[in-house]
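Listed below are the structures to be examined.
Paired with chain B in one complex and with chain C in the other, chain A is shared by the two complexes that follow.
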Partner chain A sequence: MNIGKPIQIIFFIILALLISSFLLLIDHVSPIAGIAELISSGFLTHYGLMATLNDTIPLLIVAVAIIIPFVAKFWNIGGQGQYIFGSIFATWIGLELAGSLPVALLITVAIIFAFIGGALWAIPPTLMKIYFGTNEIITTLMMNFIAVYFLDYMTIGPMEGALAKITHVPSSAPIPTPDLLPHIGGVSTGIFLALAIAIIIFLLLRYTNFGYELKLIGSSVDAAKYSGASLRRDLLLSMVLSGGIAGIAGMIQVFGITTVLLPQVFSDITTSFGYVGIPVALVASLNPLITIISAFFFSGILNGAYAMEISFGIPIDLVITIYGLMMFFAVIGVMINLGKIFRRPRAK
Partner chain B sequence: MKGIVKQFPGVLAVDHVDFELYPKEIHALLGENGAGKTTLMNVLYGVYRADEGQILINGKEVKIRNAVDAQSNGIGMVHQHFSLIPVFTVKENLSIGLRTGGFRLNLNQIESKIEEAERNYGIEIDLDKKVQQLSVGEQQRVEILKLLFRGASTLILDEPTSSLTPQEVANLFKSLRALQSEGKTIIIITHKLYEVLDIADRVTVLRKGKVVFKSMKEGLTSQVLTEAMIGRGVELSNYKREKVSSGNSLVVEGLSVRGDRNDEVVSDASLEVRAGEILGIAGVSGNGQKELVESIFGLRKSKRGRITINGNDITNLGVKERIKVGLGYIPEERKTRGAAGSLPLTLNSVMHDHWGQPYLTRGAFNYKAIKKFAGDIISGFKVASKDENVLARDLSGGNLQKFIVGREMIRNSSFLMSVNPTSGLDVGATEYVRNELVAYRNKGGGVLLVSEDLDEVLALSDRIVVMYRGKTSKPVEQKDFDRLKIGAMMLGEGFSH
Partner chain C sequence: MNSLVSILLLLLPTVVLGMVPRAAPIFAAALGEDVDQSAGTLNLGVEGMMLLGTIIGFVIDFETGDFVLAFIVAGLASALLALFHGIATISFKADQVTSGTAIWFIGWGLSGFIYSSLFGKASSPPVVKTIPTLYIPHLTDIPYIGKFLFGQDPVVYALLITFLAVQYFLFHTKAGLNLRTVGEDPLVAEIMGVNPDLYRYLALIFGGFMAGVGGAYITLSLVGSFYFDMTAGMGFIAVALVYFGKWNPVRVLIGSLVFGAVYVLYLALETYFPATPYQFFSMFPYIATMILIILVGAKAHAPAALALPYIKEG
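And then the complex of A and B:
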């Protein structure tokens, strides 16, 4: 069953490309040239590869973060809010302590603060689920809305930078230490942190009792209770880790790429890391190591799509539509079993 | 049904079967699990379409493509897996598909009709209870009632009596005979040979998808039927018992437990399971047995009372601590509680050992040791499985049960609770599991056996406690075992109300 999965995903991605070709034709762009641009600018040119790798960093971290509670079928849709709160906490402590701490220590402190910020944002929906049985999909999603607008307020309010006051483009002040997360060949060193997190979470899920209990909970809550697992502790811990790690993604983005805190109000659901992390994790069948590939792939597709916009003058909406199609079909490729559909008799 | 063939991937489930049903007869369809009897009936009921063969009613060929076709031909079926809606009440469930009073659902009018039907068939259910709060046995009664209530002319019942008391079975059979005399035709699928002999007019026996035996009831013996069914004679209820006693015991004193509806479903229950004995709990399902067992294992909080193992008070311990003290549990719900269906057997093998050596070494799972443990269970308990990486849900019911039994026994627990250990298993697997329970007892383990199958309780137990409305009876010693007397206790005789 699992052997066929990669082939199935490829099959569906080709299907998505066919539909995209049709859309390109409607927009009077040669599909072959368009798709060639998508692939080369996403994955092959130096600049494209660099941008893709930089985008892979937060996407990979958020996707891996989401995987932890997803294994227990606890659906944390709040990656975006946790990512935002991590970035707010990290930027705040970065602005407070910059200059007074050595860079390595500053980064360590920022990582801890980002973790705390993200975790704090993940805890309320988890406690509500544990004690009142509220649906975590709804509560984590609602927490995102609050976080997005709270960040917006912070960047035009308490954390507004001097430049923003003049330009009226909301953002925080830049953290005044140069080379916080240095770039190698244009790629943020945050990539090592991202890879380390993916590997650590893979080991955590595979080799620890905690990971085992999450799998039991995901398979059957009754079986987990029967095995002696502590469901409340496991769920809370999974969400603290999930929110905290998503928060670290926010910190790495500020420290490694943007250097300032930027509002998210205008970035939509299809391109925010917090949401895109969900299909990226699902396409990887919730395996943190495979997530490295899927995060890289979707980052490349998005960058390639942006390049199509520039090279061919395709409207941005069509570009994002193509990106959305790719993701939709890739997730379908994981969720359904083609073999079963064709072989199984139609009966219940 | 003529020359019916049904092929599943890799299995020829029904192989050129001819099956004749005459009006107004009660026809028993016998066979082991996987013999194809349910598949054959599913073809008749339109769940599956046959690859070959035809269905004739009164000499005329009919096409049954789905359950609606079957129902319009007067055929109704109660499946082993119920088709009730859990969040609906019994009344609402029984109302589904009844087209009385146009679009408006007149529940009051239906209620009086249901009560009439209940009286006629002698089945008693709280109409306002939600189905999800009912025990398996009670749900089955709703299913049977639903079918009777809808009044199909041909009724197919898949293992209908497995959770009824002898008296209730007698009542059900009385109802079936009453229906028969009203001109209805009944097909009954059952493992219980004496019931076949009791109720059926005609028997068809399937083995490996083929008809191996057909006969009128006259002159049949259970020996003949058993041989036809499994190809060899099986000695039922002949277990070697050895006297073992270490003085250890699992003691429950004055235990009260709340149910899902917050009502007291176990009240002041007391019992003692001694090392080296099987204490059977007999009772109609839904009388607190489920909650009692869950409370002893720590899955359900107790309101009052004390539970001790070998003198250690475990009343306030968590599940994990109870397991460590030496308690094992073979639940009835194999795929959702006893095992995690979507996980491989390796991970399922350590469900009660995942916190320590040798499977967890310095905080990390030792997959080599786990695989070996799973392999030991598979080979030691004759689990038919390709390897240790097969998913639990891909094992058949019997093999998964053997796996769970093996896991709980191999880990040297001193007391084991087992709920309906053989429900849904074929004769071979049933015998295997029962023998293992007795062997465990003979090695000095104590078993608390809860079963809705009174014959099983009688055959395996050293002593029997009857549960009725949450209360426990005094233990009945083996020399005083009497089917009818215990059956009467199951219906409340000797309990204060």
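And then the complex of A and C:
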């Protein structure tokens, strides 16, 4: 792995933070104090680090998920909808089977169902691309909005929990089995699953024929066709994997953190991990291992921004702008290639 | 089924009257995107630019009470975002999808950030007076068509004039031909003595301005106040409409009106079918978008150099 890349990523993160810190002046907060609060609360305190690691889990999984079709330049912007559908399927099966299965088996079944839910939501836009040539950016995004309304319907309708009937905050019943995904030192064990997924997808993309073909499609569709790659099969498989893995993130969020299906978690700008996964993946230049670093930093910035909101009243929405700026600098940065500036030129 | 047909007939006047203002913000953004794409730049940041327009337009109108100024400043703010997209994609030849997504996030975050910074978490959201609709004695009073033709708000008429100007510019002027040539083959354009980068920058800035105007229209004409993420995908629907319109503003206009009708229809149907969960009606516009672009599909002929950076040889 090129060591220059992670350094470059950290450079962009810092640059985006510096520029966004000037926005704090709108709220009459000193940029230095704000950034200091963000960094210390997001990365350095025990509680902050714990929260940061917990948010890294879904963020990393979703980001790795969308990397798979992104490598083939198939822009799956629908991570959010797939994440939501995974959570619906997992919660549903969790509520059906809780108590009747041992916890380990229940979790396995829930992971499978989450995968199916996410994959199902990823298939229609892919088929539309394959058979009608529709633009996937638009179709996958439309699927997100449909998923949000469907989740809303489920938690007000068929899956409405007893508490929701009283509070009128839509949510499902809690999954009754305790310790579904136990926490170690305050961090959900889902983190091991997340790391495993990142490593598996890294290996898949680098060392299998499938991964090679995806990259080929991404660089030139014609070249991929000549080399005998099956575009339809590769595209469909990449999207099934992508949607399914994004779905698993939804399952981990419900089983490990919220224990209920809560639409609010999926509509709040800051916890819309299905969307935030996009900049995480892009800033990491679509490398699943580097994504581990970028997911951690994005998550830390999010939790630091929560602290800034509490301490200084800085609206949390700022964090989305920071993500956007990071993407913006990263995409320009790829073109500049900082590595060339820092490395000694090599003779040809 | 019969009752559904009779309800639809009953709703027809409501839909026809209501579709124009509902179509206006999408059309404004789509018209801008049409020009962008004709010059070869895919602008996926429209959603972010519209969102920035919603808040900037709202703030300026709230502070000054001057809606014309509000629309202009909202347009300029979004044009600035478009300029950034241009710097990344035209000057640095960066990936247009990534840069567009970045612009979307920047505008998305800024809209909520600016609103909360200025108005806090007020229990009753601040409101502005929505812009007045035209009233011409006698003409507006003509039954059936009077309100439709002579009872819209001034921005709708301004959009109509802009539409005619864009249509004329793209297909009947030298500069319009140059712009479309840049979108088809920037190298040929350069040989013709046209500066591709300049055309792409100007097209983008126009597109950004129109997206901002579209966003401001939502707060200033449709709603009168600001909500978080209030465009709810309209920017992307605008991009879809450009595909539907096959890069022809006339078809984009028709598509936008269909969309306006879908919006009005689902809002009206909700009240007619209270037993059906409202969420299924809310899905209408998104499902309609997907159906719409299936109808066009791969047959659409995109500008050949769309989303490709122009890199000079040698």
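We adopt the following convention: the second predicted complex is superposed on the first by the 288 of 348 C-alpha atoms of A that agree within 3 Å, B and C clash if a C-alpha of one lies under 4 Å from a C-alpha of the other, contacts with A are read in each partner's own complex, and residues count from 1 in each chain.
Keep this in mind: a contact is a pair of C-beta atoms (placed from the backbone, for glycine too) under 8 Å apart; a residue touches a chain by one contact, two chains touch by 3 or more.
Bear in mind the structure is a predicted one, so any value in this text is a computation, not a measurement.
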Using the superposition on chain A described above, determine whether A:Y212 touches chain B (first), chain C (second), both, or neither. first
Touch check for A:S220: first (chain B), second (chain C), both, or neither? first
With both complexes superposed on chain A, which partner does A:M335 reach: first (chain B), second (chain C), both or neither? second
First (chain B), second (chain C), both or neither: which does A:P315 touch? second
Considering only touches as defined above, state whether A:P158 meets chain B (first), chain C (second), both or neither. neither
Which holds for A:G228: it touches chain B only (first), chain C only (second), both, or neither? first
Please determine whether it is chain B or chain C that touches the greater number of chain A residues. C
Dual-contact residues of chain A (chain B, chain C) none
In the complex, the residues of chain A that touch chain C are 23, 26-27, 75, 77, 128, 132-135, 137-139, 141-146, 149-150, 152-153, 156-157, 269, 278-279, 282, 313-315, 317-328, 330-332, 334-336
Per the touch rule, the chain B residues reaching chain A in their complex are 8-9, 42, 47-49, 297, 299, 318-320, 323, 329, 331, 333, 335-343, 347, 350-352, 354-355, 360, 363-365
Hey, which residues of chain C end up touching chain A in the complex? 44, 48, 84, 87-88, 92-95, 97-99, 101-117, 120, 228-229, 232-233, 236-237, 239-240, 243, 277, 279-280, 282-283, 286-287, 289-290, 293-294, 297-299
Across the complex, what residues on chain A touch chain B? 206-209, 212-213, 215-216, 218-220, 222-228, 230, 343-345, 347-348
